[in-house]
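Below, chain A partners chain B and then partners chain C, in two separate complexes.
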Partner chain A sequence: MSTLDDHSKEIPEDTAGGATAAQSPEEKIKKQDNGPGGPIILFFILGLFASLIVGWIIFPKLLYSQKKQPIDFNHAFHVAEVENGCESCHFFRKDGTFSGAPKLEQCIDCHEEIQGVDPDEIKFVEEYVSKGREVPWLIYSKQPDCVFFSHAAHIKGADMECVACHGHIGESESLKVYEENRITGYSRDIWGKSIGGFKKNTWDRMKMDDCADCHQKNYAIIEKTGVKTPTKRFVDHMIEVVSPGSSISGKGTSVQTERDACFVCHK
Partner chain B sequence: MKHNKAQKFGMVIDLDKCTGCGSCMVACMSENNVPFRKDESDKFLSITWMRVYRLTNGKPFPNTDICYLPRPCMQCAGQHEGHSPCVSVCPAIATDYSTETGIVSQIYTRCFGCRYCMASCPYHARYFNWWDPIWPDGMEKYLSPNVSPRMRGVVEKCSFCFHRYQLAKEKAFMEGRRNIEENEYQTACTQACPAGAVTFGDLNNPDHAVYNLVKPDHKHSGRPTNPHAFRLLERLGTNPKVYYLSSRKWVRQVGDNYLKNEAKVKKPVHHG
Partner chain C sequence: MKIGRRGFLSFVIGGAAGTALSPLPWKLTDDSSIWTQMWPWTPVPKDGETSYVNSVCTLCSGGCGITVRKIDERAVKIEGMKGHPINNGGACLLGLSGLQLLYGPTRIKSPLKRTGKRGQGGWEKISWKAAVSEVVEKLGNLRSKSQSHTVGFVSGSDRGTIPRLFERFLTAYGSPNLMRMPSVRDSYELTLHMMQGVQALPGFDFENADFILSLGSGIIDGWGSPVRMFRANSAWQNANVKVIQIEPRLSNTAAKSSKWIPINPGTETALVMGLAHVIIKEYLYDTGFILNYTNGFEDWKRLVMDNYSPDSVAAITGIDSGTIVVLARSFANASRPLAICGRGDGSSPVSLKGCTAVHALNALVGNVNKKGGVWAVSDTDYISWPEIEMDSKAAAGMQHERLDGAGSKKYLFSRYLMNRLPETVNSGAQYPLQALFVSGANPLYTLHDTKSTEKAFDKIPFVVSFSSYMDETAQNADLILPNHVFLERYEDVPAPVGLIQPVIGLAKPVVEPQFNTRHVGDVIIRMAKGLGGSVADAFPWDSYYSCLKETLNDNWETLVDKGFRSDTELMNPTLESSFDTVSGKFEFINPDTGSMPQFKPVSIEGDEKLYPLVLIPYDSIRLANSYIGDPPFAIKTVEDTVLKGKYVFVEINPKTARSAGLHEGQRVLLITPKGKAEVKIHLFEGIMPGIIALPRGLGHTAFDDYLAGKGINFNTLIGTVEDPDSGMDTAWGIRAKLSKV
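Now for the complex of A and B:
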């Protein structure tokens, strides 16, 4: 520690000395360096805090507009009522495509007439069911147009749970506020609640990186060895020549990246 | 998907059957949301993933002969799999070769429009979007939701209707299968061709029609046993997955650049 301190003391002295030697007529500079150091550091620290507050609190507030869903929905209540869990309303069509948010057609089975005293249900029946209008739900997980996501591949093919990506929305009693990114127009759930991009659970974000989190695990061999360098490529090639097929298991279908080809999820 | 054996989707186009009607071009444009402009008279600027060319034998009247040649993306595999001309030059990994399907992909959101791939493609199969697409009023509603429309400044090309493969896979997952049937994945041009000139399928699968049309002769480094089969510019070594069939010799020769005195050479050139 002491040596470190010595060094830190020495360096400014050297630079200050050099500066005066080079610019001997302007001795004011030297005076400024020695004089109001405390206020400058304080100013710097205050500035740092101010920018942190702007960046971490004010900017996200400005970035996202808050939108309310047209009517509130109690997932927990409905999941208890239906037999088949999420798939009762968010179902697969016969051709493997996913229905997404239910249409009036599905709700109407039960909600042809007002069932209870809930003001949201009354609003739903009066404004949408009786008028035959679809509810303009704001979709939290809506992805850009260039993304192809196959629910069938994940739920049927890989036996994944809805929770893995969507979180415990099925246990929620009311719909949360839809926060729309004013620049991109996407929901905040895509970037994630944390503006710094940190996440604890698999469902905290829905960016491409989050898809990659799982998809890279499938190619553990590549993951372990990290980035493809020319040497690495050569070694892989030699392994491939000596025993063909042995390294394939760790490879994706993409020739460029040796992971999953972009075309798997893009369209 | 490591469980799947590698597929190699390819197309066989019978030029004896092609009438040059252009149904494939129309079907392709509407299937893939291909943009067009008010004035399409300058064909160098129009985007046609599938384009029908007219070939002539260049002889005067009584002997003149015409052949129409539809040209999708050739989905070149290159000398070793994936060394397609365009894939090897792309600096953005916007175009890629999938060993699962053998299809050369184009990711529009990754492409930044340097157009190296266009320069490297010997088939002129790649097109650049000089303008943002402008759809006539109300036409957005007729766009296919399965294909994302392109923006200005990116390159696009035929994808062998890859979205149809994605949908076929989805159906297969739904039914607990891993592999898709031949009829589940067909391109729009194949289905639109009224003459049945276009055949599409997996060149690796002996059950598929394309395999039997251009059955590889392993004694001759995989060249089709069918003597009428040829590929465009084969001698460049691009190893395309689109085969053409023609009973006319001059058509087969137009398919590649032969020197005048070379035309007598009968021996076909071998390429894997």
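Now for the complex of A and C:
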């Protein structure tokens, strides 16, 4: 058989020792290096560490660009001046919708004319108020419009504090640098300062899991007896996703979509 | 240290492990999914403050109240206004698509002056000052040469302050040539004048009628005020009101009616006369009304009894005589029967004899100016402006006969005959038209016989369009002075024709003007001021806004706030005061002309031997057929059996198709004496054999890519047929043939 024949030819060559004897000293070293053990693990560790450094340190630096707000703003000062806390400027409209970042209309009462010597205030009045241009604020908490989110339900309905999600921004004396994600265009505050997604406070991140943290807890309180195993929950959700409205009422729990699972919150 | 293959591999594996343990892949996955939501073509609604503005839709003459939802400064949705007396929350497809006419690409963004030859699309932007002074100079020259009467105005409507400003301008300037675009309203107005001696609008108490006889009127295909008609139609369905639809084609209206009776096209009046015959013969008519409130019944009765027996009518109409008898009986026995006419969407007049016959049928059952009947509604006259002091030039100009022949010896009682203008201009029989202003109308698209209209426009040296959109007429103008669109301007909207309730609506700006456009009312005032003298004196207002506010006076606040004003007390004319004729009664025979309701066939163009088929138009609520073209949303809803790609389908009965060897979807050449066009065949059981039908509202050469070049404009294939009694264009079809390509 040819295979056997090939081997039979190779063996004598190897055992002849001629080739080994002819090896140069360098080749010997190479052979030792390539052998099992230390050096290979070294390369592995090198690769491991290099990628960990890239992933944990370099990548976040590359991912975010640093942007300055058009003008600085002192939250602490303004909160002290107004009567109704955050809601004085970030108010609910008559129809219950949330106004978000204030517009000139809200600022103009006090800032129609320059009041002090603060260069940012002078810029604000000259560049924006007198020209009737809205300030293009960079919104730290802006997210894609993918869920039915109601500020009113959280603040009025569930009596939550603004701090729970937005942190202590109301106490800040100047606006921090806006770190814009180069891929998505949104602020770093959504994913959180920690690239690993670790958080200490409820306001450190604003991803879906962070909504879920709170919602799961309250869900468990509401439905003490209805705690489902993860498998059961997964199966139930899959059924609801594949066949929405298959519940007894024919309607899901979402007020907006009348569907279940993802569609309770997602548009 | 040299890196070998194994070393490299282990470095890569280490790297992969490290990467997996770093946030990089997970973060990138998350970010890339969010990135996909940022694609510029993904529609993301802007967040902002929601507000609502009450206004009136002026895209057709329906006069519906609308509530426009805004997010901050952007209008995002048009909804029907709840509680509005006409549409009560309802809206039609065109109205819903109205935002595309505000933000869409067909808007004219500034005054334009033609460069190069007319219709070639060469335009230069000019300032408003330059545009208005050019007009003023032209008009001033004509006036100084005593040719003020050679200036004409074409308007979509003649009611409300805007058309009245046109009229006022022309009167002060010295021209009698204000023309309104034709519609079945012309026929009805003339009928009311001939039979009741009144200058009034027709009103139909549909909401209280219990038997509807529609002579081809597209009740849910755009006739009258469309949303009011949808609502009335739904109410009839719920209340088991009989709706009988008479027309040669199974239209949407016919499909939703209680009974569809196919009829030979153009013979509807014969049927009406046949019904009158049965009603009179069987003494089913309202004897009290006939005896006390009518004149000339006996003569008309003789005519009816002598000529329109069910059998002879059956021979004309193709409707079985038994059906005619049954229909006549059920019509007369209903407590509040109502007959209406005006084919399709009512954009074409019907012959005077035809319209008077329908009115006579209503009179026969005593259903005139009564609950559930036909009313003569005098227009709410809230416009009282100071008298115009005409100078000698204006007075001399006004002495000339109108170019369209309305009010002339031949057509004494007709008020507007826009359809006759192209022919008059082309023949040059009267004085030439030196300048024409067009507002709220698109005659180069909507008038029958497009070629002849184009030829006439070529002969007019100065054409000015006030259109907000680049429509066919604007394309062929010398100067375009773009008006704000309806969501950017103030305008009073009188109650739509057909309504019996006096309603005034106010269209008001929902958003700021998006472009460098100007309100047509302001432009007219500027033009008058520019001309100076008595013309300027006739316009004492600084702006259209102040003119409108002053005109509406006490109603202003209510109108701004609510969007409409409606008198809850319905007008309730007594029968005694309804007839302003010499006899003080309803006249079956007009004493001045001796004209009597009867069937005189309106013969259509074309030799039967050369053109074996009869082509008729049809209308659909999905196809806007007025001066506004279908916006993209609306054109999207047109079925594949009506329009596919650029081809429009001609409907043909399978029997007719079979005998001609034609099959579904086949491309054929449709030829009429007026023109030809490549179309596709659609076999349709709902059309009578020997007849073919094309939709109206397609075949635009103007507007945007969504609309232009799709299908055929029906008006290019049909000619005009002048009604000898009224001068109106009563062409209802044309002879045609199909040839294979």
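Descriptive notes on the structure:
Convention: the second predicted complex is superposed on the first by the 187 of 267 C-alpha atoms of A that agree within 3 Å, B and C clash if a C-alpha of one lies under 4 Å from a C-alpha of the other, contacts with A are read in each partner's own complex, and residues count from 1 in each chain.
One rule holds for everything that comes next: a contact is a pair of C-beta atoms (placed from the backbone, for glycine too) under 8 Å apart; a residue touches a chain by one contact, two chains touch by 3 or more.
All figures in this text were calculated on a predicted structure; none of them were measured in a lab.
In the superposition on chain A, no contact is made by A:Asp210 with either chain B or chain C. In the superposition on chain A, A:Leu52 contacts chain C only, with no contact to chain B. When the two structures are aligned on the shared chain, A:Lys156 is found in touch with chain B, with no touch to chain C. Here chain B and chain C are compared by how many residues of chain A each touches, and C touches more. Contact with chain C, but none with chain B, is seen for A:Phe43 once the two complexes are overlaid on the shared chain.
Within the superposed three-chain model, A:Glu180 lies out of touch with both chain B and chain C [touch as defined at top].
In the superposed pair of complexes, A:Phe148 makes contact with chain B only, with no contact to chain C. Judged by the touch definition given at the top, the superposed model places A:Ser99 against chain C, while chain B stays out of reach.
By the touch criterion defined above, A:Phe263 reaches chain B but does not reach chain C. Residues 95, 97, 144-146 of chain A lie at the contact with chain B in one complex and at the contact with chain C in the other. Every residue of chain B that touches chain A in the complex is listed here, in rising order: 1-2, 81-83, 87, 90, 93, 96-101, 103, 105, 107-110, 146-149, 159, 162-163, 166-167, 169-176. In the complex of the two chains, the chain A residues touching chain C come out as 30, 33-34, 39-41, 43-52, 54-56, 59, 63, 93, 95, 97, 99-100, 144-146, 181, 183-186, 191, 195-197, 207.
The residues of chain C lying in touch with chain A in their complex are 1-4, 6-8, 10-19, 21-24, 27-28, 30-32, 34-35, 37-38, 44-45, 47, 49-50.
Those residues of chain A that touch chain B in the complex are listed here as 92, 94-97, 144-146, 148, 150, 152-153, 156-157, 248-249, 253-257, 261-264, 266-267.
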